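Structures given as structure tokens follow.
You will see two complexes here that share chain A, one where it goes with chain B and one where it goes with chain C.
Our next item is the complex of A and B:
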């Protein structure tokens, strides 16, 4: 796998060899009981002989964190572990200082939106929400009031008293989201929450995620739609074959990937001049003038030196810069570099 | 990294007791169960033997009323309906048979729809354990079946006590114990078996059929084994003999053949009836309950295990 050696080491990511995985006891002592983080300590999960995830060491902070990876990479397993639906074969998981052995406290912190439809038969949207809130210990009145607020949040008031079985795909997706947020959790785990939503509903959902994240929630999203992940994520966890390949702020991750030169598009009035000066630099590996003649694409191994060069050219040659745009500093590019065509999904 | 305002406020209101959360599931299940008209009609029919028995016990203590109702009838020489071990064993057998049909109607609809609709992750991503889930579903069957087995027989016992006096109540307290224990055991066994078959056979009619199959197919094998190998241990596979043996032991009937002959004047009762030692029947019932729990434990999971 291409990402095996390319993993950026600047962030607390999982090395493919697992060499940094410390024995569970010691490392657990070091990072346990952190009330403001989701902490995985040397977590492995095997389904019989099938690997789910292996030696995961991960800390997730507030904001939107996206899990990306091809099918079977371990995203859903990681989410199931996080939500206590499955138990790890090895290692410890803490969600804001709580563990699954205290379910009341643990599940009050977590809201889970599963990937597939998971609706008991015969319920209306409102009925399902209020009954599941009762499982959280809400009284009947509180459950009904809270259920209604959640339904309003996902714009489902008109269909609230209809049976879930009659909902469209988009409506079911929204009611799942309502089920995840209704009990006011601090951590939202959303498995492919944008699947089946029309563009309008996607935009609304993304807006809701951002609003929730801004209010201090931990929003963990898995998605195949990388350009949407790019827009909303504060951090990304990339997975492949049960391992974490990279994690952290996507720009930081990209900068750490030294073997893949950064691509920068500089829009300016004299692209040929900039191209000539760039060629004289050792860190520049490729320069290409755009066909429309309004810019130059530079591939460099040292971004800081490139920016210094651009500054020098501006000062010395009077170059006019319209824009400096990182071309491959996005989730899609990082995903391609780290996971590439080995992944089962088409990007 | 975005700037987070930490404006979030979790729910801090009072919560209901964790101990009774399983009842939430049971309550919704009851609502659904009684939406079936067939079940409601059959459930009402299940009370007919009890009503007849109650009437008979009442009339046997009110001969004047009986004669006023049936002027042609002669006053009975002895007690019209002797309320004893045989009476309760007969009633228990009738009610238990009816309860199998109720279980077949209700049981398959309890677990299999949740599994078919993949609803378990929704329950288990809340402070609600697998044990509570099973308890919630089990309590539906448990209450429904207890209402047509143990509860009416206990009512008959109390009516008889009220009519015959406190002396009868005290002298026959072992009957009350046998009724409660026997019906609890039966209801637990059949409920667990039904839930287990509902968890493994997701098609409702098949799950209902499975329950009957569990009673009759192994019984056939058991009888064949008894005949071929000239033994009685094959009856361990016969659910009816099994539970009958347990009930006999609860009613302190140590010689069921002799007791049956004496009680019913059945001199032609064959000696070859496959009666089992009580301990073996108890062990087998416990094993069946444990097996049902094991099967439930294998299936009641948020996600199926990948092999």
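Our next item is the complex of A and C:
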């Protein structure tokens, strides 16, 4: 995934913002039709006078891309725009070269598991799936076979012939997932797909997402469970107040955030020695020896120089390193730095 | 079978299943049962029924005032308004919008399902009511009316007009279902407009469904001294007028469906 502007992959948009009011704002170059990407070109959506999302420029490639942000940040709006359930006020959206005004082409490529937890009355899980697959143009036999395969994928065979109205939240979530994947789309958009799932089902679903992504699918997933996002994501899009505040590989995003020194925990046999040497470096802003005396927490503005220093100390002083662990290079830390607990963008 | 046809049939099937599975069928069926019940009650308690000629006129009045303007119109309002608005209210329209189906196919399928429901219900109502009311003087007179008299032609004409009414009102109410959040408001307006039709000047009469249907009823009825009398339209003009009216309404429906977006979620 890369920013639609001239920015390289993995950039904090707050660093990129110039005079533009938008945190993701920059004068963006026009994005041409991309048959192998999901492309947002200067997309804005307003609900009356209320901002949904603003000036979104984004390219999403294959693999798992996670949308992260507080409630009301625009994640669902972005997903609804991507799937054509709502129309943009401004800008263009292309999904693998298709637009929503050609529903036959567009919706054969995309599967959406929305947050809406409502179903037509009177249907069993299997009946709903096979009925909707007939709308895709499948024959009755094809629809039933395809529906059953999708139900097997989400481990719902036991409850397939029960009415959806009697399903638990987790079962409804899984049948929505089956609906999204049944027609074998190339793009899978999942809005909080792990909500309501028990730990076993969460693990199974995550495994399924990873398997689908490995097979070349574009999997776009939103979740507020950041550690799960961290495990599965190839790339992250962070949103706040309708703007994209950062996008790309999470390590790259973290490294771009120069105003927040990186925290590295070095487990070694002589923490005091390493702490002393680290203090003499200009790029190091803080050094703290762990209470158990087995490591040093170093905050640095230049990760490469820190690694060079560690190498030098190892060679010169015979330091034994047990591990070098980036402490704040995960989604949660980046989220905290960029968005914070109050959901406000930290500029 | 072409993909479009398969998809249209699938939409019809999906809608029929939703109609029968929920409670949406209750009021349309109760409305359909109204004329049959009314006539059956009258016959049950009337020991001295009118003669066959009067019965034909009584049915004509009942058809044009009660069945056409009230039962069929409100039945169509209930069924067709819900085809789109009902899905918005139950937050299920996205199931349709996420399928690779052309929007005109969705509109056509939904419309056909509504037509199948209403034409079956109200066509049957008209036929049964007509047969029951003409049985008032015994089976022999009824058989003579239907097999040797004008009864059979009248019966088919009334059923045909009921179906045409479903076609016309269906397109109107499907459109109002798109345009109005509360379908009761346009339903009352259409009821008033259609009821006032006999008092409207000729040009305005033509902007109504009942005008075309009235013109082709087999037995005309008087509408009182204040009615504005205009030349009835021919059968071909009536059917053609209704067809054009319906096609225009469905085209507008399709355009609206293409622009349709879900509005039941807040981010």
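List of remarks:
By definition in this document, the second predicted complex is superposed on the first by the 313 of 347 C-alpha atoms of A that agree within 3 Å, B and C clash if a C-alpha of one lies under 4 Å from a C-alpha of the other, contacts with A are read in each partner's own complex, and residues count from 1 in each chain.
Note that a residue touches a chain if its C-beta (ideal position, glycine included) is under 8 Å from a C-beta of that chain, and two chains touch if they have at least 3 such contacts.
Predicted model, so just to flag it, every value in this text is computed and none were measured.
When both complexes are superposed on chain A, chain B and chain C clash.
By the touch criterion defined above, A:63 lies against chain B but remains apart from chain C after alignment on the C-alpha atoms of chain A. In the superposed model, A:150 lies in contact with neither chain B nor chain C.
Contact with chain C, but none with chain B, is seen for A:72 once the two complexes are overlaid on the shared chain. In the superposition on chain A, A:131 makes contact with both chain B and chain C.
Applying the stated contact rule after C-alpha superposition, one finds that A:184 touches chain B and leaves chain C untouched. By the touch criterion defined above, A:107 reaches both chain B and chain C.
Look at A:120: by the touch rule set out above, it reaches both chain B and chain C. Contact with neither chain B nor chain C is seen for A:238 once the two complexes are overlaid on the shared chain.
In the superposed model, A:87 lies in contact with chain C only, and not with chain B. Superposing on chain A, the segment of chain B with clashing C-alpha atoms against chain C, chosen from 2-10, 164-172 or 272-280, turns out to be 272-280.
Across the superposed pair, chain B and chain C both touch chain A at residues 47, 80, 83-86, 103-104, 106-108, 110, 112, 114, 116, 118-122, 131-132, 134-137, 139, 179, 183.
Those residues of chain C lying in contact with chain A across their complex are 3, 6-7, 9-11, 13-14, 17-18, 20-22, 90-92, 94-103, 258-259, 261-262, 264-267. Against chain A, the residues of chain B that register as touching in their complex are 1-11, 13-16, 18, 21, 24, 28, 32, 113-114, 117-129, 302-303, 305-307. For chain A in complex with chain B, the touching residues are 47-48, 50, 62-64, 80, 83-86, 103-104, 106-110, 112, 114, 116-122, 131-132, 134-139, 142, 146, 179, 183-186, 213-217, 234-235, 249. Residue ranges on chain A touching chain C, taken from their complex, read 47, 52, 72, 74-77, 80, 83-87, 101, 103-108, 110-112, 114-116, 118-123, 127, 131-132, 134-137, 139, 179, 183.
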